[in-house]
Amino acid sequence: MTGIEANKNTGTKRSDDLAPHKWESRRLINWSSAWPWVSAMVLLLALPVVFPSGSAITIMNQMAITIIFALAYNMLLGQGGMLSFGHAVYMGLGGFFCMHVLNWVEYDGLWLPLPLLPVLGGLFGLAFAFIIGSFSTRRAGTVFAMISLGVGELIAACSIIIVVFFGGEEGVSGDRSMGPEVFGFDFAQQREVYYLIVAWLLISTLAMYLFSRTPIGRITNAVRDNEERAEFLGYSQRHVRWISFCASGFFCGVAGALFAVNLEILTEENLNTTQSGIILLVTFLGGVGFFVGPIIGAIVFTLLQTVLSLYTEIWQLYLGILFVLTVMFFPSGLTGLIAVHIAPWKAGKLGLLAVPYAKLIIPLLAFVLSGAAILEILFHAREASVGDEAMTLYGITFNSHSLLPMIVAVVVAAGSVVIMKRIMPSLKEAWDAASPVSNAP
Amino acid sequence: MSIAEDLQPVQLAVELENLDKSFGLAEIIRNVNLNIETGERHAIIGPNGAGKSTLFNLITGKYAATRGLVRLNGTDISGLKPYEINRMGLSRSFQITNIFPKMTVFENIRCGLLWKMNYRYSFWHLVDRQRDLTERTEEILEQINLSARRDNLAGTLAYAEQRALEIGITIAGGADIIMLDEPCAGMSTSETEYIVGLIRQVTEGKTLVIVEHDMGVIFNLADRISVLVYGEIIATDTPPNIRANASVQEAYLGSSLEEDG
Amino acid sequence: MNKFAKLLMGAAIAGLSATASFAADNIKIAFIDPLSGPFAATGKQGLAQYEFAANELVNKKGGVLGGANFEIVAFDNKISPKESLIQLQVAIDQGIRFIAQGNSSGVANALTDAIKKHNRRNPDKRVIFLNYSAVDPALTNDKCNFWHFRFDANADIKMDALTDIIKKNEGIKKVYLIGQDYSFGKAVAAAAVKMLGAKRPDIEIVGNELHPIGKVKDFTPYARKIIASGADAMITGNWGADMVGLGKSVISAGFKKPIYTYYAASDGITKTFGSDGEGVLKLVGEGQLNPPPNDRADAYVKAFKAKNPDTDIGQPRIANVIEMLARAIEDAGTADDMVKVATALEGMEHDSIWGTKVKIRESDHQAIQNVHILAHTKNDIAHDFDNSGFGLKVESTVDMASAESPTTCKMKRPE
Amino acid sequence: MSLFIVNILDGLVTGLLLFMLCSGLTLIFSMMGVLNFAHASFYMLGAYFAYQISTYVGFWPGLIIAPVIVGVLGALIERYGLRRVHQYGHVPELIFTFGLALLIEEVVQFLWGKSQKAYEEPAILDFTAFSIAGNAFPAYKVFMIFVAIGIFLVLLYILTKTRVGMIIQAALTYPNTVQNLGHNVPLVFMGVFGVGTAMAGVAGVIAGPVLGTFPGMAFLLGSIVFVTIVVGGLGSLWGALLASLLIGWLQTFAASYNVRMEDILVALGMEKPVDLASSALRDLWTLTLPQIGPILPYLLMVLILIVRPQGLLGKRET
């Protein structure tokens, strides 16, 4: 909101004495910066038409909530350089609070239209972040990480002990459709909830994006990069971290509220360290250095979790491998992988990479598939019940206990490694040619 | 001391009173007394390990003094945090280049402006939409001659450019007292000339406290010079007098001669 | 949003909807339980039993409704309520109308609540919840609903049976209660205090405590307290690693008295206890494997082991679920109208393969059946667990346990 | 009183076991500045390797072989994983070890399945060493105490009497001096990581039979190890020892004494609500010490970090 207003003010006061390039960047509505938002909105509105099934909508709801949570988490990790191991509690607490609010609506006649619930969740998350942040943000680095871990464990443990608020292991459940109707919607159907969540997704994402463009947002970056320097520019590193911690807490609370609306139940799992670990994984996988990183991470992770687990039992193993490989080889995440292509693209040299990539994709795909095949065959051979030796992989049915499929998989895997090694030099050459590296020192 | 006594009443920008600093058993700064006048260009010189950087860090609040007082424009600043001291009108640069390497040159300067232009912890302004902010930033870029590098990442600049940027960030907030820690360290002659010119230009009308090894720079720039040896100030005077001072010759230049031999 | 992500999402969800559009010749039962993560062993064991029971007890006999086979569709809920609700949605989308779940009362609570709401909001796509293992008494009391059926004896029923046995054992004067700090652990403790107080007022409860669930690294301090209390018997509702840790610590600290427990068998637990558990571990539960109650049960277990040599029939009631569901569908004459199927299941009396009658009580949809005290032993074991030679042998039996017990359930039936 | 003595001994066993993990972690942290999140995973690997070996050749060879395998594995992970991530900075390093912990748990489940493994103490130690008021103290626990103390003494000897030890000690006190060692810093890093993980492996080998060998064992112990070294002071070996024993006893005594909140509140002059079931504070009134025992270390850590961020005996922050 605030961002749009500020935008309006400067936009209307524009005078013509400025250089054209500045003028362009300050128009009220700037197409080049608005098109991602508009197209995202159109896409999000269209998705339920393309995928009308209840499960697809449930998954998309889950995805949207994860996006908000991951973006809020990245306000700390990516923007502020604060590594939190207990961030699930801020989302969880916001969600639990909203669950109680829903029950007050249902049983005590509290008047609250459902679309406003996330504001309450956000405020609760903010209040809690304010308290915890008052001491945890004094230092960055390991001390902050350890306090976050400790606080996370404490709250997660409390969720079992303090039954009044957390409902013990069965959690707190409620009914979202008991509030006043809004424009004729009572939010009983998943699709109505989808549009509610999507609206909040857009609002939160825009707000978090604009936050990163405010003075405090920029200084958060500065403190992350060089806290000493920031102190000598008049900023208290502690206050800067505290403020961004609170902002992150707010949006975590919003995500928690949407979770409460979507699944109508909050349990201990919303608070525990596993959940905190997952959001770290999601954010890092997507790429912490980019605003869109967590969005991509959340989409990919939710798909892996819900879709891959339909096809294989050892999806978590794949996820673990993917995560470790990402940290080792692409520390800037999936988005980083895409982002490195922007420079060649701008230089119009992306075409140079097409051929080497096309060459690489086949052995790479072969390697991934055969590697997965090795794991799947091993797993099937051990887990299958007697007589069920036939397994189907990539549409081929074979006996998992015989040696041949395994040999084939190993040979393909080894062969593709050899081929990839052969291709690598030419790929590197193409890269050198395509990247517009300035020769200036 | 003589000048300060001659021109009563003078305004003092920085006053150090019986300042001591120890790390464990090592006494780095011993009973330093120093008055720096408003508008003066004051240099601190001394051999390696004399405690120049420590003195800097004491004045700017990075370290707390073991004993003694630091006054800024007459106010005692002991125990204040660096950011509080900065808000009182003192700004410093660092011996080791200390910029925001992952931000653009433009943003580096803008970060230096935010507090002083009253944007502070605002989350209701968008930085890109603030005309005053952008204009001021570009003025400073112009001043430090980095307009062409506006959108480059600071970490990718050449060394001299980074040092210039460092000075740019330091003066951006418009502080009255500028403290520069070895701004010309590791530079070629031509680069040094460029930086000295820059310093002279951007500190016009301000109090400058500078630590530097390059004697050419010091004698060119400073109104007065203090000589720090083993944590003690052995002399404070005008450049010609310092040059002529026997104890300085002995303690400072002498020791460097020995090293050469 | 990014183009790449859009594509990926599109492809994946398209794949998802493709799996959803299979023809529905078979009657599908969604099995929603953990198949990955720390509780996967129990989940996979249950899945193997469901698949075997469906094949052996229904499909090999020609199916139901003149040829429709049962098909078990597995959904991994990672023992998370959140994932369970998502998988429930996926299952419903695939046209599945029968939902089986058992591990964790927390998940069961989430599911029963979600199913109640779903059935109210979508009367054309109603589903039935076959709870085969979650024993929180609340599910058939305050939280009961028309769509939920429980085939296991609940915690109160088991405790009722257990205290009936303890009542007859004059040697027990002091009892120590310990459990995990959550609803089930608390329910066990509360039932024990109440029922022991009613049946054997002379018994002193020398300890009644809860420990954090899944967080205790070393149970030795608890074992010390139990020994020091001079207890003649110990009752615990612990399961999983908490059961093994507690049991092993208590035994190695020198406890030689009976440990009455709900879950201390199979999934590696029987093997881990081995000879240490002999004469100490006593389970209260339904289902009789040793001695085999009849030839049919014996053959059934043998056939199962031949197919799944590394898995056990740890939850015999699964066979009852399948047989009774098949009967209900036959009786109702439909596998689409859930009101009819549920009505047929209500009040059904069934002669189980395990030699007991099973009756679904109309008032709360709780199965009433024989409950046994089973001893962990090596003697007279026809069907062992974990291929360890050790198994569970029926020591004493309470016929149709708690058949008349009260319930707070106010069953609301659809008109 | 007899229960008190038993608890002292039990707490000592727990504390020493913790110390075996913490000492390795402290060494690694001091030399490399990395908090190895996957440290407890190497402990788990130690238990599983030893279990596998024990099914072929019995317990004793496993005691030696399993830690060696774990150590070699650790060194390889340092060489080919951590060293690569090192260049990106500390946060990615921490995240790498975090991911490694997840991956190792998955790999263990992939290789050994999800059930508990029947890894048992050797028959020769399967007897009661002594009893205090009916409470048996198994011989195996005596053995654990001796192994832990033995390892501590060896470590102390290496640190104080050997050249490598001197280097490591220098690194403990002045982290930057390691950089001045010049030659073979990478080799020292790899060695320290290998030895540190091998020590975690030893802890796994001897704890596996007592605390259980199952895929969740690393997770259960994982964060408590961090808590211990943070409480003790990062980089301080004596601090790690102090904190390990402190936390060992804290947990043992917290689990043993049923101090009830009700008694404390009544003693403080508060009145117990008549209708407890509907009181908003009912959870507070029914709370007991064993219930909150496992979270006490976290509470301790948060308090210590607030009051004294460098830990009990630590000298440096970060």
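Assorted remarks:
So that you can tell them apart, the chains are marked A, B, C and D in the order they are listed, and the count of residues begins at 1 in each.
Heads up, the rule we're going with is that a contact is a pair of C-beta atoms (placed from the backbone, for glycine too) under 8 Å apart; a residue touches a chain by one contact, two chains touch by 3 or more.
Model, not experiment: these values are computed from the prediction.
Look at the CA centroids: the one farthest from the centroid of chain D belongs to B. Annotation: 32 Å between the Cα-based centres of chain A and chain D. A separation of 35 Å divides the Cα centre of chain C from that of chain D.
Note: centroid distance chain B to chain C, computed from Cα atoms, is 74 Å.
For the pair chain B and chain D, the distance between mean C-alpha positions equals 49 Å.
Of all residues in chain B, none touches two or more other chains.
Residue positions 157, 161, 314, 316 of chain A are each in touch with at least two other chains. In chain C, the residues touching two or more other chains are 40, 44, 181, 212, 215. Shown here, the protein chains touch in an arrangement that is not a line, ring, star or fully connected set.
Chain pairs that touch one another: A-B, A-C, A-D, C-D.
Residues of chain C touching chain A in their complex: 1-2, 4-6, 8-10, 12-17, 19-20, 35-37, 40, 44, 48, 75-76, 78, 80-82, 85-86, 89-90, 92-93, 104-106, 109-110, 113-114, 117, 121, 136, 181-184, 212-213, 215, 306-309, 311. For chain D in complex with chain C, the residues that touch the partner chain are 2-3, 6-7, 10, 13-14, 109, 113-118, 120, 128, 131, 133-136, 138, 210-212, 214-216, 220-221, 224, 251-253, 255-256, 258, 288, 290-295.
Chain A contributes residues 77, 81, 83, 135, 138-139, 141-143, 145-147, 149-151, 153-154, 157, 161-164, 273, 277, 280-281, 284, 314, 316-317, 319-321, 323-324, 327-329, 331, 375, 378-379, 382 to its touches with chain D in the complex.
The residues of chain B lying in touch with chain A in their complex are 60, 62, 81-83, 86-87, 91-92, 94, 98-103, 107, 110-112, 114-116, 119-131, 134, 158, 169, 173. On chain A, the positions that touch chain C within their shared complex are 36, 39-40, 43, 50-51, 53-56, 58-60, 62-63, 157, 160-161, 168-171, 173, 175, 177, 188-190, 259, 263-265, 267-270, 292, 295-296, 299-300, 303, 306-307, 309-310, 313-316, 335, 338, 383, 385-388.
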